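Some structures to go through are shown next.
Each of the next two complexes has chain A plus one other chain: chain B in the first, chain C in the second.
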Partner chain A sequence: MSDLLPYLIGGLANGALYGLLALGFVLVYRATSVVNFAIGEFLLVGAYLTYTFALFLPLPLAMLAALPAAFLFGIIVERGFVRPLLGRNVVAVIMATIGLASTLDGGAQLVWGPDLKYLPGSLPNLGFQTGEIFVSSRAVWNLLLALPLGLGLLWLLRRSRYGILVRAISEREVAALALGIPTARILAGVWGVSALLATLAGALLAVASGVGPNLVFLGLKVFPVAILGGLDSVGGALLAGFILGILEALSQRYLETVLPGFTEALPFLVVLLVLLVRPYGLLGERQIERV
Partner chain B sequence: MSAILEAKDLHLSFKGVKALAGVGFHVVEGEFFAVIGPNGAGKTTLLNVLSGVYEPDKGQVLFRGQNLRGKSPQARARMGLGRTFQGLEIFRGMSVLDNVKLGAELALPTYPPALPKAEREWRLRAWAEEVLDYLHLSPFRHAPAGMLPYGLQKRVEVARALAGRPKLLLLDEPMAGLSLEEKQDLARFLLDAREEWGITLLWVEHDLRAVLELSDRVLVLSYGEVLYHGPPHEVRKDPKVVEAYLGHG
Partner chain C sequence: MKRREFLRKLGVGSLAALGMPYFATAQAKPVKLAVLLPLTGPFAFAGNAGREGFVDGVDYVNEVQGGISGRKLELIVEDTGYDVAKGTAAFNRVIARERPDELLFVYGDSTGLSKALAPEIARMGLPYSATSFANELADPKTYPTIFVFGPTYNDMMEALLRQIRLQKGRAKIALVYSNTEFGRDPIPYVKERAKALGMEVVHEEVTPPAFTDATPVVLNLRRANPDFVILQGYALSAEPLILRAAREQGLQAQFMGTYYSAELALIQRAGPTAEGFIVTYHNAYWYDTLVPAVEEMRKFRQRKGRDTSYRPTYYMGSLAVALAVAEAMRRAAGAGKLTRAGVVEYLEKLGDYNGLGLQRSYQFVNHRLPYTKLYRASVKDGRFNAITDWIKLA
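So, the complex of A and B:
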């Protein structure tokens, strides 16, 4: 048991990041029905933003400063790439986000170069030891930042006025228009928040293992996480992040020696199995078409 | 009595198909105005032009003397042009009360600006409750709107629109799919709302009997053109209307 716990703690630490990123992805999908294939690049840009700020500022301040910058970045993306395609075919929008993804990939390499960069400075060490078990500082920070932010966002969506407006738009945009709700401004804000969440995930990742172009691959994990949670379920995204984090940890511990590489495929296998039983994901809403 | 809404020579085509071909009419303040016509006559298109979903290719709409060209649907809603939709457009995942409160927010600018936030919130809630009570929806205030029976969902949509205190309310087939009793209830609610809150009503409706009984004046559309514009009791005698509805004798 005691040799399993470190794996589980590591799984939770990863799960927190998956959850944050999936939250950003699902939020946009739910509010605007846009599948953002550039979410991994949002994370990458966020990580580089944090890195750039960290060249001038102490790391905690740099992480903080990156958040409003990311918010602005999200709004620019919405205005520049998404808004002009409003009302077009879904595929057109998807292609646009794929194009955006490559543009951001290339752009990031142009600006920051292809090599792995380590952040100067570090976060205060919050790691601790209880008995036999060592909890890493990384795990504490990930959970400490991701959980309150994720749960807070859930609460905001459910209870705050802004959240109610977002839900109104995501459910019935024409009706929201007819009620005078400023949909354009609110949807831009949603993209901003999405970029902010991805940036926090990117910053935490960068703190732990540096920033390089291959950070985008975490973006691929978003799809199994979001599908598992239910594409339109914000709470499901957070939950599914932790579930996949832990499953990966278990696979690392027990299966990796027998089936090397299995952990890579695991998220997608889990999604396949879950979708067989619950086609709308764990917490997704069942779609009923009324004709 | 002055015209609250004036439509002049509206034209709109979709890829060569003429949806509106020179539609003109006016709605008098305080009246119950009906738009009828066979399927595909352009009734919903007309509502979409009035509420700003589409911009007409030609012609203009004046609302309380102001030209609406270039005004977004939101801006029109804030000017006092409310609307309900054919097919349900309520927020199904929200409670009935939240639906109506969102509608009521449109009327916020009419509150005194100096009002403290808590007081404003309280008044908003009180007004929403009043509208719910008015439409006999109070017992369902905390139910998720999507869980209610169809007839009540339709009523929630009307309540949400009324809560915004529109000057003119556009209703797209509010009676479709309702039972006779529900139709009578809704008709009474609408007539009362007109009396009590001074709302002018423009409705698109298929139920000819209800239209002829309730409306002050009627506009008949067919293939995007006006066949008739006048009082309801003469509409049946109009040869062009008879032909559009019944075909050649």
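So, the complex of A and C:
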């Protein structure tokens, strides 16, 4: 077990990041039915924002400063790209997010250049060793920041007035409007929170591995996580993030030596298997449509 | 002047006046070199540095060396986004647009793209090279017009294995490589060669080309407990993560890498954990001021008002290709053979040229340049320092 534990801790730390990113993705999908293909780019922009603030501020402050900036960025995206298309065919909105992804990729390169950036400074080292088990500082920070934030958001959605309004809009937007709920403002807020979550994930990644266009690849991980958890389940996104993180770690430990490269395909294989049994994901809401 | 004589002179004069521009245009027809590079996407940092090397090289050829025997060398640049489909489209666009007697060399991007284009390139008889050092491309029997401007990945591995043998005879080796053509290319060779040299490959780890957590990789390495770890198929994103995690977890193995890891950004990103990292590299570094090309290009860039601070290895590699291709074109033009076949012929005869010291020489052996040096990262100096002279690999 002491041999396996470091793998599991690493898996949980990765899972926390997957969960954080998937949370932002699911939140938007649940509130607006928009599949945001630009979620990887949200993460990229967030990482670059953190890098920019880190040029002037100590790293922890830079990470904090990047969050409201990311929230604002999410609102701008919603106002500029999404709101004009609301009420149109959902495919149009999806295509817009694909276009947005390309625009953000190109825009990020124009603004920050093609060179890989590394953050000046680092977060305080919280890594420790107990016996044979080493827990990296990265793992501690991931869990320390992602877990309370994810659970807090879940609580807010379940219990707070704002959360109830979001849920009401996601249930039936027209009825919510008729009841006087400020739908436009709340949906803009949802996009803002999604960008904020992606930025926190991006900042944690940037601290560990620097910033470069390859960060968008983590955006691809969102899809298996969100589908596994259930596209409309916020709690499912968090849970699926941890499940996939741990499964990847187990695969690294036991399968990688006999099946090199298998871990890369594992998330998609798991999703395929789970969908055969539960087409709406682990915690997704089963929808019955009259045809 | 009699009327008949006047008319004759007028006629000759008119013809000359009408014909001269065409004649002059034919004389000034440019020679073209097309480069397909990842100017956007995950390898944009390398692609843009490479583009800069080609721009400088071509400007230098035109402004200092007088072009290609009086003809201007023209550079065509296309973006591939490090995507085979996009790269193939860019290649087809260039081929459709340019005349075969003007477009005399194409430089492509990545092992995947080069392997995809190779049969078509062979069919067209088009001189070609790429950012890739894949073994399959250095095969003049199958691909008579493709050149690898450096050692192949197999050659690079050979150089590393020789160094391992020097340091510790029967060593235990681990291979960590990306699940890409770039990563997998030399693995069968290194496994076979290590065995032949009495070494043991104790672990193989295949990863995505970019990842964010090296903990499981290093945990697996710790279990295998190798003396040496060779990284292949990464371009600066994964190596610092692995090095940092390895040192954090007390792994004592010696880490090694190949050409695309030999960039100063690795030392900057990995910090103190980069100390001692050994790489293969076969061009000059920008700080090798004793190399004539470096001094020359510093002065040239200064004259042009361009930034003279450190230029990355990808810049140096592109510059080395541009100068050598121009030299082969110049020699082909001198022999009245400035055609695609002529460029191939004179690239094969370029053994007495060394690109102002950027390469040991352009003596191709099976269409690749089997020479490299080994460098060791020094964190104190913030650079890679040579630990060997040129190693001949064929």
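Here, the second predicted complex is superposed on the first by the 289 of 291 C-alpha atoms of A that agree within 3 Å, B and C clash if a C-alpha of one lies under 4 Å from a C-alpha of the other, contacts with A are read in each partner's own complex, and residues count from 1 in each chain.
Please note the rule applied: a contact is a pair of C-beta atoms (placed from the backbone, for glycine too) under 8 Å apart; a residue touches a chain by one contact, two chains touch by 3 or more.
Being a predicted model, the structure only gives us computed values, none of them experimental.
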| item | value |
| --- | --- |
| Which superposed partner A:Asp115 touches (first chain B, second chain C, both, neither) | second |
| Contacts of A:Gly210 with chain B and chain C, given as first, second, both or neither | second |
| First (chain B), second (chain C), both or neither touched by A:Ala168 | first |
| Contacts of A:Ala178 with chain B and chain C, given as first, second, both or neither | first |
| Per-residue touch tally on chain A - higher for chain B or for chain C | C |
| Chain B versus chain C as contact partner of A:Ala13, first or second or both or neither | second |
| Touching partner for A:Leu64 - first (chain B), second (chain C), both, neither | neither |
| Touching partner for A:Leu5 - first (chain B), second (chain C), both, neither | neither |
| Set of chain A residues, in rising order, touched by both chain B and chain C | none |
| Partner chain A, residues of chain B touching it in the complex | 51-53, 72-75, 77-78, 82-83, 85, 87-94, 98, 102-103, 105-106, 160-161, 164 |
| Touching residues on chain C, where the partner in the complex is chain A | 39-42, 44-45, 47-48, 179, 203-210, 212-213, 215-217, 219-220, 223, 236-237, 240-241, 245, 248-250, 265, 268-269 |
| List of chain A residues in touch with chain C within their complex | 3, 6-7, 9-11, 13-14, 17, 105-106, 109, 114-116, 118, 127, 134, 136, 138-139, 205, 208-210, 212-214, 217-218, 248-249, 252-253, 256-257, 260-261, 264 |
| Chain B partner contacts - residues on chain A that touch it in the complex | 164-165, 167-168, 171-172, 174-175, 177-183, 285, 290 |
